[in-house]
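Worksheet: one structure, shown below.
As written, the chain order gives the labels A, B, C and D, with residue 1 at the start of each chain.
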Amino acid sequence: MAILKRPRNLKAEDNTGFGSGATSTGGRFVNRDGGANVIKKGVSILYRYSWYHTMLGMKRSKFLLLLFLIYIGINLVFAGIYYLIGINHLAGVKAGSPLKNFTEVFFFSAQTFTTVGYGRISPVGFAASAVSTFEAFLGLLSFAIATGLFYGRFSRPRAFLKFSDNALIAPYKEATALMFRLAPYKNNSLSEVEVKLTLGITSEENGKLTDKFYDLELEYPKINALALSWTIVHPINEKSPLYGFSKEDIANTDIEILVFVKGFDEVFSNSVMTRTSYISPEIVWGAKFKMMYHPSDDKNKTILEVDKLNEFNRVDIPFFVKTEPE
Amino acid sequence: MAILKRPRNLKAEDNTGFGSGATSTGGRFVNRDGGANVIKKGVSILYRYSWYHTMLGMKRSKFLLLLFLIYIGINLVFAGIYYLIGINHLAGVKAGSPLKNFTEVFFFSAQTFTTVGYGRISPVGFAASAVSTFEAFLGLLSFAIATGLFYGRFSRPRAFLKFSDNALIAPYKEATALMFRLAPYKNNSLSEVEVKLTLGITSEENGKLTDKFYDLELEYPKINALALSWTIVHPINEKSPLYGFSKEDIANTDIEILVFVKGFDEVFSNSVMTRTSYISPEIVWGAKFKMMYHPSDDKNKTILEVDKLNEFNRVDIPFFVKTEPE
Amino acid sequence: MAILKRPRNLKAEDNTGFGSGATSTGGRFVNRDGGANVIKKGVSILYRYSWYHTMLGMKRSKFLLLLFLIYIGINLVFAGIYYLIGINHLAGVKAGSPLKNFTEVFFFSAQTFTTVGYGRISPVGFAASAVSTFEAFLGLLSFAIATGLFYGRFSRPRAFLKFSDNALIAPYKEATALMFRLAPYKNNSLSEVEVKLTLGITSEENGKLTDKFYDLELEYPKINALALSWTIVHPINEKSPLYGFSKEDIANTDIEILVFVKGFDEVFSNSVMTRTSYISPEIVWGAKFKMMYHPSDDKNKTILEVDKLNEFNRVDIPFFVKTEPE
Amino acid sequence: MAILKRPRNLKAEDNTGFGSGATSTGGRFVNRDGGANVIKKGVSILYRYSWYHTMLGMKRSKFLLLLFLIYIGINLVFAGIYYLIGINHLAGVKAGSPLKNFTEVFFFSAQTFTTVGYGRISPVGFAASAVSTFEAFLGLLSFAIATGLFYGRFSRPRAFLKFSDNALIAPYKEATALMFRLAPYKNNSLSEVEVKLTLGITSEENGKLTDKFYDLELEYPKINALALSWTIVHPINEKSPLYGFSKEDIANTDIEILVFVKGFDEVFSNSVMTRTSYISPEIVWGAKFKMMYHPSDDKNKTILEVDKLNEFNRVDIPFFVKTEPE
């Protein structure tokens, strides 16, 4: 992407954690889903993942499938062990072909692991008894772990917020403003919601590409309760690093607006946070969001139309400060 | 409701999250139980609910009934599958009429799902064994989820506070004050309790109905420990948006006092919060709360009479500032 | 207790939550174990207790006994039901005297409730099967609840701090100071520990007994890490409400020093708090704590002697400001 | 270690919790793994450990082994009880030598404790039935506790940060600076990360060894998001207690730099904290860290090389303020 524009001489922030100065990062800083766009190397695969964080972040279907595969896998291993010990150590087995025998011990293993223990098949020799003693223990611990994982997954505080796909630049008071909005879409409720906006911009300085970060001042950085949608407004006035940027400047500059939202979930009584970012192609020049809530027909409730989150009208920006007071 | 009165030219707050400006909301902002009076539309029913928030907020009896119905439902499904596989795959079934057979497989299913596994009936063929292997797995996971839900429900931090039904306006120092009170009614204990009051008022401006919000200053917005009842006092002095309101003004204006309480539960070591609101008909002019605690007979303890929370005496308001210094 | 002394004209605090003004409380405000000395009345017994708070606060032995009694109780109820249904609905029962029969169904009930399900006894009729289906379900839910209670109990953040039995008054800099100390006694570790001290004093004013509260300034109200013992020091200088109190004044006045400690447990990553209080008879005039830690013999570790927490030496207080600059 | 140097007359901090003044501590204050270097004495062994903290802090392999040993131990105890009651109370036992009998009752015990209950062996007499009723109850409670422990272990918020082995002193702006760095090495993500640095220094004062603590000012004490590695920089300027220290001064003085890091884990929505410290031999004079991240080949991601955390280049320190403006 061409690099056209630098902000005027404002103090850049060095505490974003993304490394300012000569560019040594690649691509956008934050993905749209809020994750940092970073790959870690040089850590053994054994240490690279917190398996608990991994299990918590996994999609539900994948998580359930994984649990099932582990269950099948463990039973296959124990079935193998019982088979090696010999089916004559298991009373009640209906012996037959080797495959038939293996399925019998497999089901016996499953009945032990889940502690169902019908008892049609039961261990009689020392070896089979000892293994099944261990397997039942392992089974209970496995389900103890699964219980923890389930609880961890669904009690994990999440913000359940949708962000508008675009950030808009619209006329605002006597200049313009950058705006985007967010809306809660589930039956949770957040209070004391704060937003922090940081502009990341890559510009040329002394012939080298340099990343700089700037805090963007908001009209209201905090609201008491997130009952309806919330439009976050950054006025592009003389204190803004975007002051003096034209439509083309924004389109052609390597800009990223990092969004950080923090709130308090009233049901979980816990803080939640979420991130996103907007890059140049996601910023629309000359547009204004449509209203997305209105009173109900009986005037007794307010209706929030979450599917209108991305709807905006085109507007003209008749006046724009072009002079750069540098 | 008739709209009679507007506050004097005080700065309105725009960060309540309820959307100020031209009215586009309906009814009260916050319900008496603290929930926002908003309906969300335009979200698929699959995404509209956080099922975990729903399960946590459900009444206890409904929650237990739901678990039981799910248990019966799952067993009916598995009973159907075993029945289709054929009861000859289940050793020990006392065969009889189709209904008798179905109840037998239903109870076998329940014995598998709960991992009781008496073993009088036990699977012998591959199909029945495989299904029961899966059912026992599903059973344990279901109880893992139930465990998480139970824990989530009873460990959920709640404030356990009762609010007085009415807010009162009483003489206070050299003017009047708006008061309401709250009391803890369970054996939990809160510290560092904060209250925030916001006045929402709908008035006419340039021919349009407009919502405005004002912070109400409190005499003591925070207390160290909520050991007894607490009367929250907003002095109606010159800085108050309610300054100059007569009894009739309050009765006829579309007023809502939003109450937000936050504290720290010392047993759970977690923050708890709760909300409520008072609208015009819930505000009583000329009344003062009765004392609700007194020393015990042996003078060694303090008695808090929670059932006196709503008791007040009528008082005259002899003097009231009528001049509006606008 | 005789009321001898009032503090000089300092601003009293009204935000303690213990109700200042004309006395309407009895006994000490806070018990030594930190609980508020208040009884709640006028709430139905069904609503008065948060059963979860109760189960969490219960002594371990009592809690385990309660669980066992519930287990026996539930099994007695189900045994009664099976007995009424008739033991002929249970295959495998070794019938005998009514008592013998009852113990058989009791043990069958226990085997069902715990989902052991040996199967020597197993339900055959519809009624017994249906009841056992429900009992196994109830059993699993009960153990789900027990799991939650156990986790709730041992994951509950607690400060694990011991407070010295006495607060001491000792010479300090050019005046005196009130001191007490606390020490961690377990293998947890707290950081960012804060202490807040409030003096509650009952004095006569216009012929009425009045409770007043005063914040006590501390030399260091916060420490970074609670690695060793910590002596909290309130200098009794001109800004202190205790300034000008003699030994007799302190002994004869109805004084209570409310202590509130808050910290961050590094293992649980959670805030913990604890309270205590010192009343007049627990304040020792003219005493200084003995050192309670020293280097190990090899100089490589520090030894904290927790059992020396209460040890102090008598000291003279040669100089004490008697003039009251009121 | 020889004590050569004292900082100039800066105000020492007394709120570290490590006890300032005449030395009465031994060795380093904080171990490299962050634990305080303190041993507690004078507490009964029953009260000295929070068993839950212990179980949570234990290594995984040790924890699992301990659970297994407890499982075996409990079964040995119950096997002993059943053996004493007599194997004729257990139907289905294949009697033989005493050892054979004991293994039979041991496996029966395991089948009861885990609630597998195959039923080949089942209790018939009152005594054996009663014991097995209790054992199944105990088994379920034990697994309830194990579930809680597992969840407690893996949901415990941890920072997952690696610190560089050394702190470096390098030229920085017009003087020098002390630097060390940290990097996240797992797939968790921290925001609002704060670092606090305290210098502990043991120097001679009036002939006595005295511990003093000084806050070290940081260039950026807080970053918004810990996406990449973070180099913490303490400029050694006139406000620094290390100002005027030569290479030899640092090597020969009893210095310890206490590091305290706090952040917010976005997955767990919980605060995490960690500690470490650097002592004199771990401080390298004249060295600068190598860059440890760079763009990926396709410029679309950033690569963080965690194994380069400790890599540095030697640099000269040509200029150093030697004058002590005391």
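Note that a contact is a pair of C-beta atoms (placed from the backbone, for glycine too) under 8 Å apart; a residue touches a chain by one contact, two chains touch by 3 or more.
Here the structure is a predicted model, which means the values were calculated and not measured.
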Report task. Would you indicate which option in A-D, A-C or B-D repeats the interface seen between C-D, with over half of the contact pairs matching by residue number? Result -> A-D
**Report entry** Interface composition of copies subunit A and subunit B: same or different, split at half
**Finding:** different
Requested in this report: Just send me the rotation angle from a CA overlay of subunit A on subunit D, rounded to the nearest 5 degrees.
Outcome: 90
Report task. Go through A-C and B-C and name the pair with more C-beta contacts between its chains. Result -> B-C
**Report entry** subunit B and subunit C: spacing of chain centres that average the CA atoms, whole Å
**Finding:** 28
Query raised in the report: What whole-Å value do you get for the distance between subunit A and subunit C if each is reduced to the mean of its CA atoms?
Result: 39
Report summary line: Residues of subunit A that touch at least two other chains are 111, 115-119, 147, 151, 270
Requested in this report: Draw the chains as points, connect those that touch, then say whether the picture is a line, ring, star, complete or other.
Outcome: complete
**Report entry** Touch list for subunit C against partner subunit B, complex
**Finding:** 14-19, 23-27, 29, 35-43, 47-50, 52-54, 56-57, 91, 111-112, 115-119, 122-124, 126, 129-130, 132-133, 136-137, 139-141, 144-145, 147-148, 151-152, 156-157, 196, 198, 260, 270-273, 275
Requested in this report: Would you tell me which residues of subunit B are touching subunit C in their complex?
Outcome: 67-68, 71, 75, 94, 103, 106-107, 110-111, 114-120, 143, 146-147, 150-151, 154-155, 158, 160, 184-189, 191, 193, 220, 222-228, 230, 264, 266-270, 291, 293-296, 298-308
Query - Footprint of subunit B on subunit D - complex, ascending - result: 115, 117-119, 147
